[in-house]
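Paired with subunit B in one complex and with subunit C in the other, subunit A is shared by the two complexes that follow.
Right, the complex of A and B next:
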């Protein structure tokens, strides 16, 4: 095999914060085919056990119990990134010790670099000295490397830990070339004008440590302008409200995102590839998936807003519907609808209240107050599934909100699907255009002939080549 | 195992051996306002060569070279596709629908989907407001006064020099390290108190331990309730001491927030094992 190109997979890996030393074990999320809108089942799966000393995978095992906590600490999610090689045969194959050996190379010839950063403070203040960066590499050995965040406006010698990376040592049983990213612990850090640790200085119990020198930078006491250049929504930082101003408490976290590069010199050619990583909070309902996810964004950006007929399927539509149910099931839809609670009108932060707050629209619940109980809405989604499977749901296609209808706050417009949720533009959530097109293709199949899977195949055959 | 290098779906959705599902983009919310794992709106800021846009607004925050004078202008139309829409609805109970606001942004991901798909790598007609506009403005009836320019559309994904096709990774120049998370809440714990569940209920639950009561309607706990007994839903209110507050989250979120499986607080040892 000749290596022509390298790629890192997955191209975007998400880590999740936690202070435990034990990362979350691997598991599968499975749909119960007899209850397709029921809870997905979590089944423990093959998990790698890393030898702390050598950095190799010393064993793999399937845990008997799935645990997300380690006493009072959350177990972090620490993804592996694999290197794949484009071979002379035109296929991507895992880069392994054997493949390296066939090119008279060894794992030590692989070089990794990592750059992660947290620019949250910089995004607000605009001060380049508020950027927090951690860079490591080139790495060719298998020791863990701390991603130690440096910021020009920190007190001298202070660093904010953003996690670790480790080039996993390949061995006979696990010969693939891979790197693991372990995120930080999920602590809050702070700012001060007085030298941290000085006798008599007040200790803020919210903080792991004071890092930021408020004599150098403005983050402590910073007030966002709330103008056209501010984040949207604005003022989303820990603050003390002083009059109409939101005064920063100078807090920072240990989230980050960044890039992992790998390099390998094959003959005279230097091959390289990169992937992206990020560290966010835990997914607290691991058997549920968001109705519109980053994967949907990537799909639309890669393949466009329309689905080729050959790529649509009832299964894909059912998955979107399942994700919608998983959101509905974990929302108090009665409250989110804007129903009175304990006699109080407009008692919570809801889309109904946003409509009034953002525009001059009068306050009113979104749906009829008598039909929005969580249980009733799940039953409604079950009916949609039944209709889709029977090929009798063309009406469902019309209930979906188009992306350019987010500003429609008429009674009918507010009731479109997905309902009661907020989108990236701050108004009612619309699915991606690609998701909507997929659903409409399947929902508008002619009523016929029993099995909608057959109908779909026939529709594909008739329309092949008409859409791009 | 092999993957066809042109099978971008397989690569975009690839799950490496040993990785739990929560490492996947499928588990990251994208109704980002601003988001939890990423503020994914940031990938659109540098879509057009020569200018930088606000992540959620058609406002030009930076211009480069001959486009420096576009700072403060608003990008209203690209290749015929609008970036804004009006907000309409009734102002009074029972009233007819009228204009509540003349312009609100359409999120980039959807409004630019067709532009990206048809014009990536190519020049495209971009129409800006004639003047600096601090506030959102609608597309005027007479478009002759708009500034019309041809700008190149940056591809979102990197490309392979070997296969000449797209790679499944977001182009490096589009977002630098730190920029996918820069507009999220600081610290993120603040957002778990600040933002209500209607943003991201599947990741940050709201209504848990739900049962049907004798009246046939549901009852359950607010996920942020400190105590699960009595089983009652305490409406979101940062001043209500029955709910986990800001300081609780900063100091002790790991011990206080509960994982939820099958809609219930998850405690291994029960039937979920």
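Right, the complex of A and C next:
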């Protein structure tokens, strides 16, 4: 084959933090057909075992049991990034040792670079010296490279570990060109040994280490203005409330995101590709998915807010509803609704309290306080799922919140679905426009989708002629 | 009695409209008519939802007056002259819809095509069709007179026991932007009226709202939002009237009228006439099994509804919170289940020996009783009994079902019932209500 272009797959990989040295094994998440309303089943999947010394894949196995913890430490999710070659025939094929050899190249000719960063502090202070960056590369060997985060406002010589990357050494059994990103441990770093906001010198138990020099930068004690330069919603950093101010504790985490590049000179042509990586917190409910996810955003960004008629399906709607059930299952709906807790009114940070805080709306729970019991709501959502599984078209499309209704504070507006949750813009969460359009399209179909087997009586020619 | 009749009428109309709506559609609908048929279906389903709001509002008036609740249908003699027409489950035709138009119309309505509609409605009902609005006018006239009903008869303290839009509305009401688009283009979202009653004025206001949503009052212009039931049915009738006779037959499945699960004819035939109505026994074993499940879930819906309206316990008479929410949400869950089963039934033949003949439909047969036990713990035992009955019925049905969708539904329904049974057991054992996934161990 002739290598025309390179690609890194997946183009976006999200790692999950964990302090264990042993990454979590692979698994597939499936709907359990024997328990269709219950938790998804996690099925162990093929997993690579890396030789720490050589950096090769020494074995591939399917674990018998899935473990997310290694003693008391969380096992991180450490994704592999694979290089694929676009051939002259327009086909994507894995870039392997053999393909390289056919171009008189070797794995050492592949060059990787990685740049990850954590700009959370800079995003708030606006000070360029608060940016935390880690860069490595070019890499052509197979030693692990630490992603050691540097920040101008750190104490001299201090680094924040953001994980590490390793160019996996291809071998006969596993000849593909890969890079593995292993994220950091999930620690909190700070700017003061003493617990911020407390009188005295009590050691802050949250911190792994003090890295930030509070004499140089102003992150410790920083107060966000809450104006148009602030995040929306504002004040979402570890803080101590002092009067009406939210005073930063000077904390930093070891999450990051960034870009991985790969380069290969084929003949006179320098080919390159890049992918995005990120590291987030562990998934503590791996058998559940949120009702709106990054995947939905990407879907909308790629394909637009409207679904082509042929692309809509009841199965896709069922999947959204399943995620809604799973989302409700993880919520304390009575508290999030704004119900009194132990007799206390407005006792938690909820959308009901945000409505009051943001707009001075009179405080009142969102739904009737009597219908938000968590089990009752799960049952209701499961019933919807039950009907959808029977092939029933969704009938609730008119109850969905539109993207331009997230600020509707009427009783009706606050009760639209999805309920009780906050979106990225600080107001009520709405499904993506594409998700809503999908549900609306399927809602227009006949109430019960034709099932040839159910209609014992259909004249065969007629029914088979019409249905596909 | 008048309020009891009003409640029964609302219940009857809701069921008749649901039956009619579920008959619409099917593979025989010409492609050029599919959008219109789906829209008509959605309009009638919306009206049925609004009838449920009327039913709840009338129950609230009964509660405020200290009267017993009533979820019966036609419990009084037909000749009292208040029921709009004899209860009948029929597929949508020009004749059956004419009945609905006329029942929801004002007594003075005489614009064309009133003549034809009255003729067709009379033929379909085999009787004079009465106006629902007239009953509400009568009730309003009586409730408005302090010399007949004292102010003290309206008990504001019953408010916590009454149903509200907050608990039953599911967001179906006019918002700040006016009435919203429904699920289907051309069909507006329903406007559920569930009003609570604390005084004479609030009772009169509630009943006027219910009456007006039926036949329309003031400015019924669609441009200002909600259309009356009368207008909506008239629109469907008018559009159907423009179709050829052949197309009129194709817009709905050929569903048997008044499908029933009991074979009652003396001569052993599957059809028999009761009064002036024909009842059709569901002779197809598979359809019959689905029909039994339908009746059981219909009963569960009514039991949940009644149970939700009763004080949860003498100690918590005033503010039932958690348990009531369970019952309300389970009532909605049963509505979704009935929707699936009804839609399944209209695809199945009434008689397996005649696969091209009439289809079965949702029987909507009333349970042998709507009484629920006096003690709260016994009410939950009844709930558990019903869930157990459903398990048996599903087991019987499963062997009759060959469709993958049907089997998927039954598996999910059984799973849902198991969770409900666990919850009922928890309530009966007086364990604290658990949220999230607390492990009792």
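Definition applied: the second predicted complex is superposed on the first by the 416 of 468 C-alpha atoms of A that agree within 3 Å, B and C clash if a C-alpha of one lies under 4 Å from a C-alpha of the other, contacts with A are read in each partner's own complex, and residues count from 1 in each chain.
Note that in this section contacts are C-beta pairs under 8 Å (C-beta built on N, C-alpha and C of every residue); 3 or more make two chains touch, one makes a residue touch a chain.
The structure presented is a predicted model; accordingly, all values stated were derived computationally and were not measured.
S.K.: Thinking of the overlay built on chain A, is A:371 touched by subunit B (first), by subunit C (second), by both, or by neither?
M.R.: A:371: touches subunit C, not subunit B.
S.K.: Give one of first, second, both or neither to describe whether A:413 is in contact with subunit B, with subunit C, with both, or with none.
M.R.: both
S.K.: Figure out whether A:399 sits in contact with subunit B (first) or subunit C (second), or with both, or with neither.
M.R.: In the superposed model, A:399 contacts subunit C only, not subunit B.
S.K.: In the superposed model, does subunit B or subunit C contact more residues of subunit A?
M.R.: B
S.K.: Could you look at A:380 and tell me whether it touches subunit B, subunit C, both or neither (first, second, both, neither)?
M.R.: In the superposition, A:380 contacts subunit C only.
S.K.: Answer with first, second, both or neither: which of subunit B and subunit C does A:67 touch in the superposed model?
M.R.: first
S.K.: Just subunit B (first), just subunit C (second), both, or neither: which does A:330 touch?
M.R.: In the superposed model, A:330 contacts both subunit B and subunit C.
S.K.: So, does A:122 touch the first partner subunit B, the second partner subunit C, both, or neither?
M.R.: Only subunit B; A:122 stays clear of subunit C.
S.K.: Output check: A:288 vs subunit B and subunit C. Expected answer is one of first, second, both, neither. What do you get?
M.R.: Touch partner of A:288: subunit B, not subunit C.
S.K.: In the superposed view, which residues of subunit A touch subunit B and also subunit C?
M.R.: Correct list for subunit A: 329-330, 332-334, 373-375, 408, 410-411, 413.
S.K.: Where on subunit A does subunit C make contact in their complex?
M.R.: Within the complex, subunit A contacts subunit C at residues 33, 35-38, 329-330, 332-334, 367-380, 382-387, 389-392, 394-399, 408, 410-413, 415-416, 440, 443-459, 462-463, 466-467.
S.K.: Within their complex, state which residues of subunit C touch subunit A.
M.R.: 22, 25-28, 38, 41, 45, 164, 166-167, 170-173, 175-176, 180-185, 189, 284, 286, 320-322, 324-326, 328-330, 332-333, 336-337, 339-340, 343-344, 347-349, 352, 355-357, 359, 401-406, 408-409, 411-413, 415-416, 419-420, 423, 433-437
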